[in-house]
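Next up: some structures, all given as structure tokens.
Note that chain A is present in both complexes that follow, paired respectively with chain B and with chain C.
Coming up: the complex of A and B.
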């Protein structure tokens, strides 16, 4: 899988369209990984992820962007503003985390929705930092004189700008995945999972609930902030439009981890691929959906447009998929592996092997 | 003073709508511990059906509303029977995601389908227009007067049903302990389907009046339902009484903020009224983490 992803920009599939889609998928996977730490591992439902994404994007814009008369911008290197976006978002997480000490389950989920709306209000009303209702631009990712917004030649190979962004995001995602993977096996990671399973029991075992939950919030919002900065730099814009940092974005992240597999590292990536690529595929091929209903003139003749048809198919696929495999893509993969293992054991090994094992065990006893 | 009364009345009208939307969420949460993210699309379906039946098909207004209620309630109940029953016992997450899936489907399908078979598009054709009623110097629009009357009527119906009917009792029994209810012979599957049906039905009334203010059915109507979230949390997720009280508080807070904040506290920024309900909600939750009427679950390690 890793090799496949490294090779992807050189594959014949990597047209500009798919390469750009892939970059967004990677960015979403970084953000989703953060949500998975909070929701998947620690069991704290959050619908406020879009807020932290926005914090990351605006931090990136503020530190990396070029200032104008009305908007402050420091024009720093991406080596500073990408990590800084994570740190600032993590600080916000540190401030907001303590609400989780008081609230449980869906109550917390809905309070974090409040975060999204309060955030929207701040973005509109702090124009020096956020550009106000009109938003502000973000620079392309630049390290010194090395600009990922342009095609670059390294060691004789010319890399497309999108491919460069792809590799950067892939690198950050890989680092994040490794981090979360290891985190799950540390003392803190085990504590998080204990809190998810049963908070009271975890507390009785001596786990510090406050520290565990707040740590989860901090890690989650750190990754969200990084994803936000990358996202903003890819769309070159950060604005509080209804479409950008709203609840839909939060829900999309929740969708990613549920479809991918809650509380798994690979689930965040698999879910992002599914949720990120599916609408693109559907939009591309909606023309060949065999219904007489669907016409190219969107709304013109009063027929269902491609976009709407794609959305319907997308929703139906999510429903059907979760009925068939409620554990998500990770569950599907596990099922496939089990099936493959059974296939191998019935074909590869002669049936006498199982009966030999007790015999050999007896020999050991002798 | 007249200004204040007008704001207050508008707040109560808006609060009534929020109460209806919140009631839909609450009934489903009580039955299945799931927040139904498709509630907004039920509103949408209701409003579009009324627009189509009343304006295009020329049916009397009340009949259109009743048909819309029947259709939306059936959609809710059928969804529970056809889809959610298959994932009983799965993680809450998975079920919530399925309702999000339904929301995606209906939000795309309903406006497109209705506008493809109808001519008028989304004009909801409300019978009151912008006519107003004056009581002692206070000017009220008829739409809002009817909003208050209808929502109070529907809420009263629901509470009578919940309190005194056989199925109301069954619903409360299922809510308090599904297994125990099943053991004493309550048809919990049917009760769950009924809860979804009721949620669909109240959504139509809420959706119609929410659309009735600007008098158009609009795809963003589904998003408007999210503004009822502070109401359900404020009241307590599983309490219908809480939904009504929470809805009223949120509605009044929103209208009063919209009325006074621009002139008296302009430093809070534009459109502060959208945020105000959430701030009230957060403040209340810091004191009472399960809302005003919610129950703190007994926990055993």
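Coming up: the complex of A and C.
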């Protein structure tokens, strides 16, 4: 898988479109990984992820962007503003985290929704930082004179700008995955999972609930902030309208971890690939739905535009998927491994044990 | 199966794959520019074999803004089809249908679709919306890709890659206030503005403030709403309390209809002055056509209080030289399209692009840079009066500044009747357009 992802920009299917789509998929995977630490590992339902994404984007814009008469921009290197976006978002998480001490499950979900709406007001009313309602532009990612927004030649090989961004995001995602994978095996990680399974029991065992939950919030919002800065630099623009940082974005992240596999490291990536690539594939092929049902050009016949048709098929697929496999794509893989193990054991080979048990979404909410 | 393939399969070694990929990379990269006749310089999207120029369209074909994206794109399709059927531009055919992409009015989708088409088109014939166009502006600047900007935001007029037609939003609002204060002579009328809280609304507000500085009219309120708001009671109550007699509206059709409707329900009926994008025939009938089911707003007591700002000719006004041909093309290529200002806008935008392409072909340079240079030096382009003449020069700046005023008249096609010929007021002249 890792080799495949390293090779992807050189594969024949790596057109500009699929490269930039892959970049967005990686960015969403970074953000989803953060949510998985909070919701998947620690069992704290959050619908406020979009808020932290926005904090990251605006931090990136403020530190890395170019200023004008009405908007402040410091024009710093990406080596500073990408990590800083994570740190500022993590600080916000530190402030919000304590609310999770008194609230649980769907109640916490509702409270975190409030963050998204508070955010909308801040983005509109802090014009020097956010550009106000009109938004502000973000720079492409630059390290000194090395600009990832331009095609670059390294050692005689010309890299498309999208491929450069792809490798940067892949690197950040890999580091984040490694970190979360290790975290899950530390004292803190196991405490998080104990809190998820049953708070009371975890507390009786001597786990500090406050510290565990707040740590989960901080890590989660750190990764969300990084994802937000990267996302902003890809769309070169951060604005509260049209609803870029709204509840839908939060829900999209929840969907990613549910489809991918709650409480697993690879689930965030698998879910992002599914949620990110499927609409694009559907968009490309919705036009082939027969009987003249689909409208492919503005003046073409048909009853429904291909974008709308793709959205409908997409929604139906997610419903079917969760009914058939509520443990997500990781659960699907585990199922395949069990089948393979059973097949091998009938032939005398020792069975392999799945290393990770993904939690189903229902368990987390409960 | 080759040895390399087996290696990759067996060990999953990224290195082997990368080496294989690098070899492939070395051969791609070069563009398919073949040397045409008379040393024509070509670039992406120029097919010399079939003499076809491919253009891209990035527009919302699904979602709420599709009511604007669909007719606008159909207008462009109509113009290019009739152009191709009458021989094209010196034998060159224009194609936009192969690269027409749905952006859903979403900046992320816009960036993805831009990347999807950019290597196979000469330029982007339509990029609809301010936030979406901002998302690709930097990419277009770097790639020297001409963008047909289907948005009237003031910030485009100083970017050389942005090909705009019509007035910036700020100029329309400033002229609208001139109409009330000077043309109607209502110097002491209580005036207010309600604007959408985004880049579009801010631009309208800029025009309003410029007019306030020039005319010192009686400003009784500057109110805002969010694009997702569904209730407008608080705005209506504030306007009614302030006693606003003329309310300028910088909105889109759905909130505009709700504002007027809420006002009517609460017995508050000022003179509403709509910025162009507030209007849609769908505010009057269920399908925007004359035969559609009338909406609750379609009531003389309400429609007599609505005026619409705009720079386009009235649909069906054959005293305008270009109208007869426009209507004939509409009947031939898009007979099911109801009279719609966006359809006419798209038609005119395509006409502008054809003029730029003609200049580039005459200069024997259809490369990206060549098309951009051609645009900056095209000079005057006329649209037979459908929309004001424009003048493209390297100095940039607004291309049109005259605003006309329409009243709602349910008996004319498109329901809008021009009651004040286009003019330019003093306040609009004071607006500055600094390079961004």
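Convention: the second predicted complex is superposed on the first by the 330 of 366 C-alpha atoms of A that agree within 3 Å, B and C clash if a C-alpha of one lies under 4 Å from a C-alpha of the other, contacts with A are read in each partner's own complex, and residues count from 1 in each chain.
Please note the rule applied: a contact is a pair of C-beta atoms (placed from the backbone, for glycine too) under 8 Å apart; a residue touches a chain by one contact, two chains touch by 3 or more.
All values derive from a computational prediction rather than experimental measurement.
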Which superposed partner A:20 touches (first chain B, second chain C, both, neither): second
Which of chain B and chain C A:111 touches, first, second, both or neither: first
First (chain B), second (chain C), both or neither touched by A:311: both
Which of chain B and chain C A:140 touches, first, second, both or neither: second
Partner chain(s) touched by A:244 [first = chain B, second = chain C, both, neither]: second
First (chain B), second (chain C), both or neither touched by A:326: first
Touched partner set for A:206, first chain B, second chain C, both or neither: neither
Partner chain(s) touched by A:11 [first = chain B, second = chain C, both, neither]: second
Touching both chain B and chain C, residues of chain A: 120, 124, 299, 305, 307-308, 311
For the chain B and chain A complex, residues of the former touching the latter: 29, 35, 37, 83, 86-87, 90-94, 96-98, 100-109, 112-113, 115-118, 223, 226, 229-230, 232-233, 237, 269-272, 274-275, 278-279, 281-282, 285-286, 289-291, 299-301
Parts of chain A lying in touch with chain C, wherever the complex brings them together: 2-4, 6-7, 9-12, 15-17, 19-21, 24, 120, 124, 132-135, 137, 140, 149-150, 157-158, 162, 231, 234-237, 239-244, 246, 280, 283, 295-299, 305-308, 311
Parts of chain A lying in touch with chain B, wherever the complex brings them together: 99, 102-104, 106-107, 109-111, 113-114, 117-118, 120-121, 124-125, 198-201, 204, 247, 251, 254-255, 258-259, 262, 293, 299, 302-305, 307-309, 311-312, 314-316, 318-319, 322-323, 326
List of chain C residues in touch with chain A within their complex: 8, 12-14, 17-18, 20-22, 24-26, 29, 59, 61-63, 66, 69-74, 77-78, 97, 100, 102, 104-108, 110-113, 115-116, 118-119, 131, 134-139, 142, 196-199, 201-202, 224, 226-228, 333-334, 337
